[in-house]
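Here come two complexes built around chain A, the first alongside chain B, the second alongside chain C.
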Partner chain A sequence: MKKYKFISFIIAIVLQGTMLTGCYDAREIDDMAYPIALGFDKGESNELRMTLQIAVPVNIAGGEGGGGGDGEKGVTVVTVDTPSIYSGLSMLNTFLSKQINLSHLKAIVFSKEIAMEGVSKYLHAMIRNREFRPNARVIVSRCPAEEFISAVKPKLETNPAKYYELLLSAYKYTGFSTDTQLIGFYHKTESDSIQAVAVLADVSEYESSDEFSIDSSTYKQKGRSYPLEGDFKAGDLPKTGELNIEVMGLAVFNGGKMVGELDGEETTYHLMLEGKFKSMLFTMPDPMDSENFIVLNIMKSRKTKKKVEMHGDKPKLYAKVFLEGDILSIQKGTNYENEKNTPMLEEATEIFIKEGVIKYLDKSINVFGTDTNGFGKQYKSKFLTWNDWEQFDWLTKYKQSNYEIDIDVNIRRPGLITKTVPEVIGN
Partner chain B sequence: MADFKSKLKGLFFFKEPEKIEKFILKENESRNSSSENKEKDSEEREGRTSRDNNNKESSKKRGVKTPIARIKQVGAKDEEKSEGSDEDDKGSKDISGMTKVSKKLSDNLAYIKEKYTIPVNSDIVIREFNITVKGKTIPTFIVFIDGMTDTKVLDLAILQPLMLLSNMEIKDDDNEVGNIIRDHLLPHNQIQIVTELSDVVDDINFGGCGVFVDGIDKAFTADVKGWKSRSIERPNTEMVIRGPQEGFNEILRTNTGLIRKILKDEDLIAENISVGRRSKTPCSLMYIKDIANESLVNEVRRRLEGIKIDYLFDSGELEQLIEDNPYLAAPQILATERPDRVASMLTEGKVAIVVQGSPFVLVMPTTHIDLFHTPEDSYLRFPYANMLRIIRISAIAMSLLLPGFYIAITTFHQEMIPTDLLFAIEASREKVPFPSLVEILIMEFAFEFIREAGVRIPGPLGSTLGIIGGLILGQAAVAANIVSPILIIIVAVTGIGSFAVPNFSLGYAYRIIKFVYIFLAATAGFLGIAIGLFLQGLWLTSSKSFGIPFMAPIAPVTNGGLTDQILRTPIWKQEKRPDFLNAKNNRKQEHFSRKWVQDDKKK
Partner chain C sequence: MSSNIRFGKIEAILMLITAISIQLYLGIARRMVEAGGVAGWMIPLYTCLLSLILFFFISKLYKNFEGKDIIDVAQIAGGSLCRVLVGLIFIVDYFFILSIMLRIFGEDIKIFALNKSPLSFVIIFFVIAIVVSAYLGIETIVRLNTIIVPIVTIAFLIVVLGNVDFFDTTRVFPVFGAGLHNIFVKQLPRVSIYSAFSILLFIVPFIGGNKDFKSIGYWSLIITGFLLSFGTLVYILAVPYPTSTEYFIPYLHLARYVNHGRFFQRIESIFILTWTLSAILYLSSGVFFLIYMIKKTFRLEYYRPLILPVAIILYTLCFIPPNLMYIVFLEGNIIRQYAWIVTFAVPIIVLLVANIVKRKKEGEKCNEKI
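Take a look at the complex of A and B:
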C-alpha cells in the first residue's frame, strides 16, 4: 500500500508539473524573430515612427550546414507609425510571421529630433520589460533613425549584431565614442549626480572623394589652422566607401533631453575625466616645429583622480589624469627618445591635452551645464543623508563650477627606433 | 484433369487440419514441482515413511505425480538392485533419513547415489576399490564430479596412495583405520574429516572429492578443485595508465589471494559465508581486523546471513540483496574489478565481499564521492590527479545536465545564448519539423540504441554499428532535417561525458536521471532544473549506505575528511582515514610521513 502511495504521489507531481505549467513560456528559437536594432523617429501619421532591423538567421548563418551568409541580406528593415513601442510591436506582428523577441537587441537609435524632445518615456517602457537587454547600446542619430538603420550594411561580417557590438566598443582604442549601455544611460537620466551621454551617429554625406570638405569640422572654433582627427562629429568625416555610417562624438543629455553634441576630441577628454578612457592614437603638433606632427599611442596608466571642493557657493573641481604614451611617429626627426628631450615631449603633451580638457570642461559647464563626467558622484560621498544631497541640488550648482586640471603623461616606449636620426640628403 | 481439379479443390476449400499433439507446459505441473521442492527439505528431516504418506496425500489432492519424486524412487530402486545382496527394504528406507556418515559403506553409497540421482546424473563419478590397512582389506569408494576436479591430482594424491601405499607396512601403533588413513594414506594438503553427509555433498558440489571407507563413521573430503577458469587479465571496465594491471577473475580463492598479495597483513580477515540455500555460493567477507569498525562488519555479516534465496550467481545479485535502498538511482555499494582498489579501501576501514564466480568485488560502505574516484587518482602525482578529477566532475555534470540545459536555454532563456550562436541554431533549426524536446529525445534514444547494440553486437559485426551510428544517425539525420547539427554536438558531449563516469553503475544512474532533467527543463526551464537538482540533492543526502550518509563528507560535513574527497591533497597530507567511517584506528600515517625532510633540516 505504501508503495502505491509513493507512486501515486510521483504521478501527481508529474501531472501537476506538466498540466499546470503547460510549458507556458516555452518558445522554440526558430518561432521568434530577433530584431537587432530599434530606431525611434517622430512619426508623421502617428506619435512615433518605429524602425526595426530584424535578423534573417538563414542568411546570416547560412543554414543547410554551411554555404556562408550575406551581410546585406542578413537583415530586413521594417518601419511602422505607432502610438507607443508595444503597440508598434503588435502592429508589426500582423505581417511578420514570427513573434518579435527583443532579447537580442543590440542598438537603440533615437533620432536627434526625438532626443531633443526627451526620451524618458521610451526609456521607462523599455526598462520595465525584461526582454530589453540592459547592455543594448543607446545611439543618437543626427539623421532620422530610419535612414540610419537602413544604411547599416556591414561588409566585414555577415552578422549585423556583431557589427553593432564591435563598432560600439571601438571607443576602447579610438577614444571617439563611449560605452552607452541602456541600463547605464537610463540610470544617468534619472540620477542627480551624473548626467547621460549617448553615442552620436550619422550617415555619411559624401558620395565620392571629390566632394570632401572640412567646412563642418570644429577645428576653427578651436583655433587651429587644420583639423586633427578628432575635430569631427559623426557624418562630417571626409570619407567615402561602402560603409555608409559613422559613429563619432557624443550627444549630451540633461535628464532625458539632449542638449548638445561633442566632437571626437572632446569625447576623448570626456572619457579621460569620467575614467573610461583606455587607449587611442593621439596626434599633436611637434613642440619644436608646429608644421610637423608627433603621434603617440596614449594609454591610461592609472585611474583618474577627481575631487570636488566648495568655495563659498561655487564648487571647484579638481581632476588629475594619469596617462602614458608610446611614440609612434616623429615626423620631424627630432631625437625625442633622448633623456633630455623626453621630458620636453611629455610636458608638451601634457599642455596640449590640458588645453583640450579645459576647453571641453568649459563647454560642459558653461554651454551644456551638465555634469556628464561624474564629479557629482564623487562629491556625493561627502553628504551624510540623502536629503542633504537632494537639497544641495548639485546639477544646478555644477553650472557655476571652477576647475583645476592636472595631466600627467609619461612617455614609456619609443617603439622599435631607439634613436631618431634625421634624414640625410646628399648634394 | 480430375487430378488437377481435386488439387484446386484442395487449395481453395477448407480442410480440417490434422490433429497434432504438441508438448504444452501445463501450469499446475510446474507449480506442483516447485511446491514439492519446498516440501522436500522438511521431508528429508521427517524421514522416508512420512514422505510416502505425504506423497500419497499430495497425489490425492492434486492428482498428478511429481516427476522429481518418481525419479528419486527410481534411483533408490536402482541402487538397491546394484547393491543387491545385503540390502533389504528397511535399509533403503533408512538411507534418506541419514544425516551422519554411516559405518556401513553400502549405506553411504546408497545415500550418495540417491542424492545425486545416479545413474541419471552422468557427470558424477563413483569409483569403488579396496584398500589394505594393517593386512585388512577394506572396501572403499570415492565420489567426485567430473569436470570440476583435477583428475591428475585425484589420481596421484588420492587413488594412488590409497590403492598402492596401503599395501606398505605402516609403523604406527594406532589401529584406528580412520586415523591411519588420515595420517598415512592420504598425502593431500587439504583433507577434512567430516561426519555430516550434507557437508560431504557440499564439498563434492564445489569440486571436492569424497572418500568413504567401510567400517568407520567418518568420511574424508579432499580439495581437488580443477575446473577451468579465466586467467588473471586486465580489468576491462577499470583501465588505468599508471598502476597495477591485474583484475579479478571468477575464482574466489584467486581473488582473495590477489587482495592478500597486495595487503600482506595478518590482520586481514577473510570470513567464509555461503549464500544461497541450494547454490551455497561461497562468499568471502574481508576486512582488516584492527581498522574496520566492528559494528560495520557485524552489520554486513548480518545482512549476508539474512539472505534467503536458492541460487546466487554474481556479486551483482548480492549487491541488490544487501543494499540499503533499492529504489535509489545511485549505487550504494562499489563494485570493482581491481584488487588494488579493494585493498586500498580495506585499509580505510571498509568491508569487501568476494563472491565465487564474479570478477566484481563489492566494497561497502560507499559514498557518492567514492564513485567519482578512479584507482589511478592516488597513483598519479596530486596536480595531475586533481586536474583529472576536475575534468571528470565537469564531464559528469555535463552528462547529467547538458541536454536539459540545452532545452531550457533554447525554449525559455534565449537571451542567454550569444547572438551569433542563436542565429546559427535558428538557421539550423529552421527546417526541423519537431520541437527541440522531441528532437533531443530522438537523438538521445538513438544514442542509447547504439550504446546498447554496441554491447550486444557480435564482434565481427562491430564495424557495421560504427557506420550505421556515425553516418546514418549523425550525418544523415541532419541532412534529412530531422535534427539540427548543434543537437548532435549536445548528444555527443553528453555521451562522452557519461563515459567519463568512472563507476559504471553511476553512469547508468545518470543516464536515467538525464531524461528526467530533459523533461523538467521542457516544462519549466531553469526553474525545473533547479527543482530537479534540489530534489536530487534531498534524495541523495537522505540516503545511507551501511549506516553512512551517502553524501558524506559534504552533507553532513565531517571533520577533516576532505583530504581525498572532491580534490586530493598530496599523499603525505592524507594523515587520517575518513572520519565518517569511524575506523578503529583513525590515523593512517605519522604526522611527518616524509621523515627524511626533517632529517635534512637537522644537517
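Take a look at the complex of A and C:
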C-alpha cells in the first residue's frame, strides 16, 4: 500500500510538472512586445490610424554593457492604418518579431478629432479585453495622437512606463490635469449623474524662446492684462526644451463625445468642485498692489461639500470648497503674516478663487452643458427608484442650473520667515 | 463513507458557506444589480430571511428524524419508491447544477488566465481535483475547507479594501433601485441562490444531533446572507449603475482595479488562485454528496467505484451547452430561479409526509397495545 501511495505521489508530481507549467498558454516575457502608449487618429487609408509606442527593454535596462538606460531609446514607435484596434494589432504582429501584449499599457491617446466623433466604440473594445489595464490613463491630444506619441522622449526617466505614470500623476501637485484612469473615464461616459473628462495634451508650439507668444493664452477671455500660469492649454505654453510635449487642461465629454476644452486654471476649479484637488502652487495678484503677485501653496483641507436643491424646475447648485495655504512668496513685501493682514489675504484669495470657480461653472453649465463635477450624484438620493431618477433627466436640467459657491481659505504657515522686512535701498 | 465519520459544527458551517457564497466569485453581484438595480444588495438579505423562515419549518419537521438524511426520511415517508424518487430528484438536480458550474469555472479560467488552452484541458484539472477529493472522502474535504476558507476570506478582504478608493456612497441611491415590486415580489424565486443549502440535508448523519443541525443551518444562512449582500454592496459602491450590469465576473474586475502605488497592483493573480481553490472545494463537496446520494438511493455498499463514472458523466455533460452565454443563462435564469423547488419545497413535502406516516404508525401501534 505504501509503495502504491508513493508511486501515485510521484505520478502526481510529474503530471503537475509537465501540465501546469504552461503548455498551451506558455508565453515567455521575452517573446512579447509591450506597448506603453496607444494612440488613435482618423486614418487616411482606413478607418483608424493606430500608433503604438513600444518599450525596448534592452535599452531601458542599459544593454549588455550595463549602466543606465536611455529614456528616448527605451521606446520605438510604429503606426498602422486599420479598420479596428484588434485588426491593427494583427497587422503589427506580422512585422514585429514579438507578439504585442497590452498588459503594460500606460496611456491611451485619442486625437481631438476622434474624441469629438466619439470614443465609446473604442472604450467598449478595451474594457472587453483583459490585457487593457483599468488604470491606464486616457489622454486627448490636440495634435494627431501619432505626433504626440512620437514626441514623447523622456529625459529624466529611463523607464518610459514610469515616465507616463509620474507625468499623469502630476495633477496631485500642479492642479492642471486630473486622474483619468480608463475605468473611471469609461464609467463616467455611461453615467447620467457625472460626465467624463480626459487629460489634454499636445506637442509644444515653439522651437526656440524667441518665438514665444501669449496670443493663444486664455487670459484675455478672463479679463486679465497678463496671463497667470493656469491661463494656457496644452500646446500653448510659452516653453521650449528637449521635452517637447505638454500636459495641461482637460477635454470635456458628453457621453463618449468631446464637447470642449478647459485650460489649466479651469481644471484646478474642476478638481476643487469634483473633490479631487490635492495641492498646487497658486499665483494671484497682490490685493494691495495688483502689479505684484502673491504665491501660495494651497491644498485641500476638507472634502468639498456639495448640495443640489430644486427651485421650481431649475436646479440650484451649492458648493463649499475648503482650502488651506502656506505663503511662498509676497513680491511686494507687504507684511501679510501679521494678525491684521492675514485675514485680508485669506479673503482676497477666497474672492479670487470664487470668481474663477464661477466663470468655470458658467462655462460648464452654459457652454458645455455637462455635469463633470458630479452634482447629479448628490441629487440622486432624493429619489426612491431608478425609474424616477431617469425620468427626472438630470443632464438636461443641469443646463438650467443656478449656483451658489463658497470658498473657505485659511492661511496656515508663512514658510521659514515670520514677517517681511522691506528692502533698504541706498541713495 | 462510514457513518463513524463525524465533523464539527464550524467545519460544517464553513463547508456550507463555501458552497453558497462561491457565487460571489461568479456573477451574483451582477445578477443582483440586474434584478434590483442599485438596491441589488437587498435581495440576498431578503431571500436570506425567506430561507431562514423555510429552514425554520424544515428544522421543526426534522425533529423526529434525528441523524437521518433526507433520503432516509423519504424511505420512511413512502418506502423504496419514495426513496428512489426523492433520490433521483436530488441526483438530477446535482448533476445539472454541478455540470453547469464545472463549465462556468472552466470558462472563467479560460477567460482570465489560460485563454489559449482548450476548454477540455482546463476543465480536466477540476475533474482530477474532484476525483482525488472524492477518493479521500468527506472528512478530507471538510478539513481542507477549514484551512482554505480563511485564505479565501483574506483574499476577498484584500480585494474589498483595495477598492475603498473607488467607493462612492452616492452610488447606492436611489435607495430602492429597480423598485419595491421588482425587489420584493419579482425576486421571490431568488431564494434559489441558497440552493447549495441542500447539502445540509445530507450531512445530517455526519454531524451531531438536531441541535447541531439547527445551529449549522441558521448560522450558515445568516453568514452567507450577510456575505452575499455585503459582496454585492461592495460591487455597487465601486462600479456605478448601469455599467455594473455589464461585467461578466464582477469580482475579477474589482481585483483588477486594486492599484496602490506602483508596487501593489495586479492582485488578480492572488484572486485567481483563491478563486480556483474555492471552485475546487465547491465542486469536491458537491460531487461527493452527489455520489453519496447515488449510493444511498440505490443502497449500494461502496461509493468509490462511482467516482470515476460520475466524474466522466459530469465532464461530458458540461460540454453540452453550446456557449458561455447559454451557460450564464442557465445559471441565472434556471438554477437561480427554480433550484428552491429541490432545496426547500421537496424536503418540506417529504418531511411533512414522513411526519404524517410516522404519527399514523405510532397511532396504530398505540391502538394495537390498547
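One rule holds for everything that comes next: the second predicted complex is superposed on the first by the 402 of 427 C-alpha atoms of A that agree within 3 Å, B and C clash if a C-alpha of one lies under 4 Å from a C-alpha of the other, contacts with A are read in each partner's own complex, and residues count from 1 in each chain.
Following the convention adopted for this analysis, a residue touches a chain if its C-beta (ideal position, glycine included) is under 8 Å from a C-beta of that chain, and two chains touch if they have at least 3 such contacts.
No experiment lies behind these values; they were computed from the predicted model shown.
Look at A:106: by the touch rule set out above, it reaches chain B but stays clear of chain C. By the touch criterion defined above, A:36 lies against chain B but remains apart from chain C after alignment on the C-alpha atoms of chain A. In the superposition on chain A, A:186 makes contact with chain C only, not with chain B.
In the superposition on chain A, A:384 makes contact with chain C only, not with chain B. When both complexes are overlaid on chain A, the residue A:358 reaches neither chain B nor chain C. By the touch criterion stated above, A:96 is placed in contact with neither chain B nor chain C. Contacts of A:134 after superposition on the shared chain: chain C is touched, whereas chain B is not.
After overlaying the two complexes on the shared chain, residue contacts for A:58 are found with chain B alone; chain C is out of touch. Put simply, chain A uses residues 23, 25, 27, 133, 162, 165 to touch chain B in one complex and chain C in the other.
Interface residues of chain A facing chain B in the complex, by the touch rule stated above, are 17-18, 21, 23, 25-30, 32, 34, 36, 55, 57-58, 60-65, 101, 103-104, 106, 131, 133, 159, 161-162, 165.
Per the touch definition, chain B reaches chain A in the complex via residues 410-412, 414-415, 417, 419-420, 422-432, 435-436, 478-479, 485, 520, 522-525, 528. Partner chain C is touched in their complex by these residues of chain A: 19, 23-25, 27, 127, 130, 133-135, 162, 165, 183, 186-187, 190-191, 193, 374, 377-378, 380-381, 383-389.
Across the complex, chain C meets chain A through its residues 37-38, 111-118, 121, 125, 168, 170-171, 173-179, 239-243, 246, 253, 256-257, 259, 262, 265.
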